[in-house]
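Chain naming follows the written order as A, B and C, and within any one chain the residues start at number 1.
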Amino acid sequence: MSDRGNKGPCGPQKHVNRRGFLTTISTSAAAAVVVGAATPVAAEAAPRDATEPTPIVLYVNGRKYRLAVEPRETLISVLRERLGLTGSKPGCERGECGACTVLLDGSTRYSCMTLAVEAQDHIITTIEGLANGEELSDVQQAFIHEDGYQCGFCTPGQVMAAEGLLRKNPKPSIDEVRLGMSGNLCRCGAYGHIFKAVQQAASTRQSGGAK
Amino acid sequence: MLPTFTYVKPTTLEHAVRELATPGARACSGGTDLLGCLRDRVLKADKLVSLNGLAELRGISELPNGGLRIGALSTLSEIASHTLITTRYHALSAAAGAAASPQLRNQGTIGGNLCQRPRCWYYRGDFPCARKGGDTCFAKEGENQLHAIFGGDVCVMVHPSDTAPALTALDASVRLVGPRGSRTVALDAFFVLPSKDYTRETVVEPDELVADIVLPPPPAAALSTYRKLRSRGAWDFALTGAAVALGMHGKKVERARIVLSGVAPVPWRVELAERELVGHELSEALIERVAQRASEHASPLSANAYKVALVRGAVAEALSELRAKG
Amino acid sequence: MREPNIYGSDTLDAELAPQFAPATSDLPPWGKTTVVGAAVPRIDGHDRVGGTAIYTRDIALPGMLHCAIVHSPHAHAMVKRIDTTAAKAMPGVHAIITCDSPEAKIPWILTNQGAFSQLLDPHCRYEGEEVAAIAAETPLQAADAARMIVVEYDVLPMVVNYEVATKPDAPKLHAVGNQPSPARTSQRGDVEAAFAKADAVVERTFHTSCEMHVPLEVHGSVAQWDSGKLEVWDSTQGVYAVRDSLALALKLPLSSVRVSSHFMGGGFGGKLELGKYTVFAAVLARMTGRAVKCVLTREDTLRSVGNRPANTISIKAAARKDGTLLALDATLLGASGAYPTGATSSYMLLDLYTCANVRAVESSVLINAGQARAFRAPGYPQAAWALEQVMDELAGKLGMDPVEFRLKNIPVVSQLRSGQPYTSTGLADCLRDGAEKFGWAAARKRPANKGHVKRGIGIAAGMWGSPGGPTATVILKLYADGSANVNSGAADIGTGTKTIFAQVVAEELGVPVERVSVENADTGTTQYAPSSGGSQTVLVTTPAVRSAAADVKTPLLALAAEELKIDVDKLTIRDGNIEIAGDTKKVPFSALRSLAQRQQLVGVGRRAPHPVGKVGLPFAAHFAEVEVNTRTGEVRVVRYVAAQDSGRVMNALTFENQVLGGVTMGIGFGLTEQRVLDRQTGKLASGSWHDYKIPTAMDFPVDFQCVPIDLQDKECNSVGAKGLGEPATIPAAAAIANAVCNAIGARIYDAPITPASIVNALASKGGK
């Protein structure tokens, strides 16, 4: 738990995002079809031809999606524009900020520098996949408790980086936290609080807390 | 936004080589460098040949002679934390761990790291520079604070890799596979100076790919490290770096390699400084002398003379670290 | 000429403009608070960490088209011809506007000398200036088609060095020349006479580099038309400011334009204005009858949406032996970019310390680069960089401790505001408390370490010269179940505004924070508030929230008195209950039948005007410890104490967060950030986050302490809070510079301090 004293009268709140209607996926792009829970199968070796959309299968947050993408489409754009998963944020689209961080087979990865065709056959976890319904993960709760954000735009990436770090190193020292979080820029400069959030999540997890 | 290209993911080396031989094809493994170059229209690709289906390019394993084979698809994260590397080839794990960011290290491969393109802002930016087929090197008369103090010619870019100087210092070689079979090239001969050919950075032909990297068995009482200097605390290319590998006999240096990053278009080996070390004990005075020697014969541009001091600093820091260890 | 940017040199004039007075008089100050000031986690935290917060970038409307922009690749050029034939034939393309389109003529950069440009200007004055915009079905199609637009240019001579741009033979950006405004002089006393009496004089010239805002969310908008009305989602700090400019640009009544920005991913001053991208989205949406999204690329944001302008500041300063600051004589030159804007601020030079004789001459000059914009305390970090280093040098010459020297010169009145007293001034407290927490005195006595890694300590102070304004209106609804809703047009740009609003309601009405909802930043549904910039949101809008709560209390007590048949004077409101004097019985709001019958009570709050004849401004003193590796030029900030007088701490969590964020930004300004323009072409060299280096997690010191002074300011406004966002960043870079000087014994006058500047400074020191 936090070493901070008074957290005030309010804990993390749960509520359904009230502006969800703004992220309607346009009909032309709604090519994604969910076909159930998923385990990856071995890759096909057949050469993929052309600028024509290529059929692919993505395993995201425990669901399997079949869709057709151009080879040049990045994972971030497919997650956001095809699957409506706008939690991962494009901050630079050139692998220089970390806001788009997702887990690929449990390892942190920039989804803006990953082609969707290359993300096949991997288990993808996005920020939307961390919470259990409305129940936030330990890392997410720690970010709220320690105020590990300001504007919040880099936050999904920070949370995923923290999750990836704790999976590799459940008991990071403060220097390991800093290094582990060094691939995620925060222009608001909330690093000091982000470190506390990661440390708090680590201790929650150590003590057998949530997830 | 990326330009259009086709995509193929072969599962055999033979197939991959065949695909690479088609016009406009480029090999792609981690993609962290290539996709940026495509986005910025620095490079063109009609077809991306993904190497990620090639199981034979993976893995890190000890060789019968006590050396090490590192598959080209090994990620920088794997290399930074692999026990055989952290214990025997510390310079390499230190260099891999100092590169880029945690995410990029999870994604970027050692093969790609060696073959990455220059990070010069004129090369990456919208400037028709010599290396991109233009007729001038903008850095010479322009903003050259990050550029070369050694080995510049038509182009004064610096080689951006951290692992390359470490591998060079460790006497590594690279196995290339192409339609004409495979060949092994010492790291020392892998990179190409602009005076020889300013349109390429390595000897890798367009239809070849890096299959693996071979490290010789470390000399007895080996010590090595990589010291990187940069503008911010992480996620930054080297302003200057020094990879140092020593073989010790008692207190004396028996074998020495010093290879610099961030100061030349190729990993820059400073043999004069190496020679200064051999046969002597690592004393503070010797370290100062070697650091000084490493920085000699530099040809700074208008805004990068400070790198001469940084070379001295990086070499001295690296040697001091090894002295403390040894 | 009056320059259009109110945050530059004109800050004082802008806020001294008459403000309309609200009807209500102000509330008495709070005593001890329970919810306000506590470490309350944000009320929208779930959305922020869950990925469910919808930013402008995330909006997708049915049938929405995507916009791509074509930019000038030249720093200075005239468009000769644009050919859109090939682009029009590309798949998915719906509409294109270019410099030749009628829409291109919308006036841009409005000043009292007229418009300096237009929406799509064939005369391109910097690399990245927009020449065409295109709407297509998908982002990829729009980008592909934009690349097919062929533009021919006449390339013109350019100038990007701002000191060169002042020369008579420099290439001209506008017919009026590169300095459309005359130099501006502020002075008091007799500077020359004071120098003649001085015991110590220091004269130095400083340079600061151009710094980019680069918030994580790039600038962008979504626009759609509905029955002649325009609806816009914009990543902005000020929905009302954007609405006003957009209505003016499109010649629409204010009532026909709705702008909202519920979650926005950072601004730092770079999102206070209407962007061209917003107008492109609106115009293309009108042409196509579809919603249109226009978001910039990261590369665009490094060129075209503002920056903290580079400054050259020369200061000559004098003091007496006893530590009295006698005179400050400064000249400031700032680079406006391609269009006029105030690019310097002398405010802090003239008012941070008591000094009878001052003079500041300020000028700005145009160069072929993106226009400067307000950036977190515009002009102040640059001024602090110069002033606070000169103060250190003066202290050194006098043989005084730099903290003591500053304490000798603490003002109790604002000299710039005709001697108006401050409602509170915590500058001395910041210096004393900060020094104590830092262990300043002990650290000063520490012997210099022997090795090549040198430690040094430094201090710098700062202030922010704007008390904010004008006023704001807030509506508060108390519902039958005792929960409440706050309605304000203020944007929460990451500072925690919404949460602080909820805390104020909780404090006043005793409604728990989690029972308060906040609607904000929507000109269609929320009440006017000034833009969230200039550290003014808390001090301008929360008093209005408090006033709205008070406005609910009166009718609520009247209802209760009638229903309970008790004299209203015997009733008080506490913790969501009506309490009766001399009775232990408590009646929850939700138990009031009369409230249930009405469903809600509505309170309207306005902020009272600033106190007459007094001014409330925030102060800060920062203490830094650095390690400098003299072999390698590496500088690490290893320890930091930031003491802030911002009046009342509204939320302990978000307060500390603002401060460490401000310091992080100062670390960037002082050590890593530098826009680099190629001198040969005027094009941006540092065009990505690899080459424009903002601080990473590794650059922030773990050993960080925020010291809130938490003064009781009973006069500045009804909540007692002063601004925080700007003063948290103002002194940071200067404190680091002083620490570096302390470490290596050589002073570095140019920001940022890089390994290059360290080794160069050591070399010239050694050479002396």
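Following the convention adopted for this analysis, a residue touches a chain if its C-beta (ideal position, glycine included) is under 8 Å from a C-beta of that chain, and two chains touch if they have at least 3 such contacts.
Predicted model, so just to flag it, every value in this text is computed and none were measured.
Comparing mean CA positions across the assembly, the chain most remote from chain C is B.
Innermost chain of the displayed assembly, by C-alpha centre distance to the whole-protein C-alpha centre, is C.
Distance between chain A and chain C, defined via averaged C-alpha coordinates, is recorded as 29 Å.
Each chain gets a centre from the mean of its Cα atoms; for chain B and chain C, those two points are 42 Å apart.
Remark: chain A and chain B have CA centroids separated by 31 Å (rounded to whole angstrom).
In chain C, the residues touching two or more other chains are 139-140, 688, 690, 695-698.
Residue positions of chain A with contacts to 2 or more other chains are 70, 72, 93-94, 179, 182, 184. Shown for chain B are the residues that touch two or more other chains, namely 1, 4, 233-235.
The touching residues of chain C, counted against chain A in their complex, run 35, 38-43, 45-55, 57-64, 137-140, 213-218, 233, 262-268, 297-298, 493-496, 503, 506, 512-514, 652-654, 656-658, 660-665, 688-690, 694-698, 700, 702, 704.
Taken in their complex, chain C has these residues touching chain B: 73, 139-140, 143-144, 629, 631-634, 636, 671-672, 676-681, 683-688, 690-691, 693, 695-699, 754-756, 759-760, 762-763.
Listing the residues of chain A that touch chain C in their complex gives 4-17, 19-20, 22-29, 70, 72-73, 77, 80-81, 84-94, 96-97, 99, 126-128, 131, 136, 140-141, 143-147, 149-156, 159, 174, 177-179, 181-182, 184-195.
Contacts from chain B toward chain C in the complex involve residues 1, 4, 119, 121-122, 124-127, 138, 141-143, 145, 229, 231-237, 239, 303-304, 306, 309-310, 312-314, 316-317.
Considering their complex, residues 1-12, 15, 19, 28, 31-32, 35-36, 39, 48, 50, 52-53, 77, 100-104, 106-107, 233-235 of chain B touch chain A.
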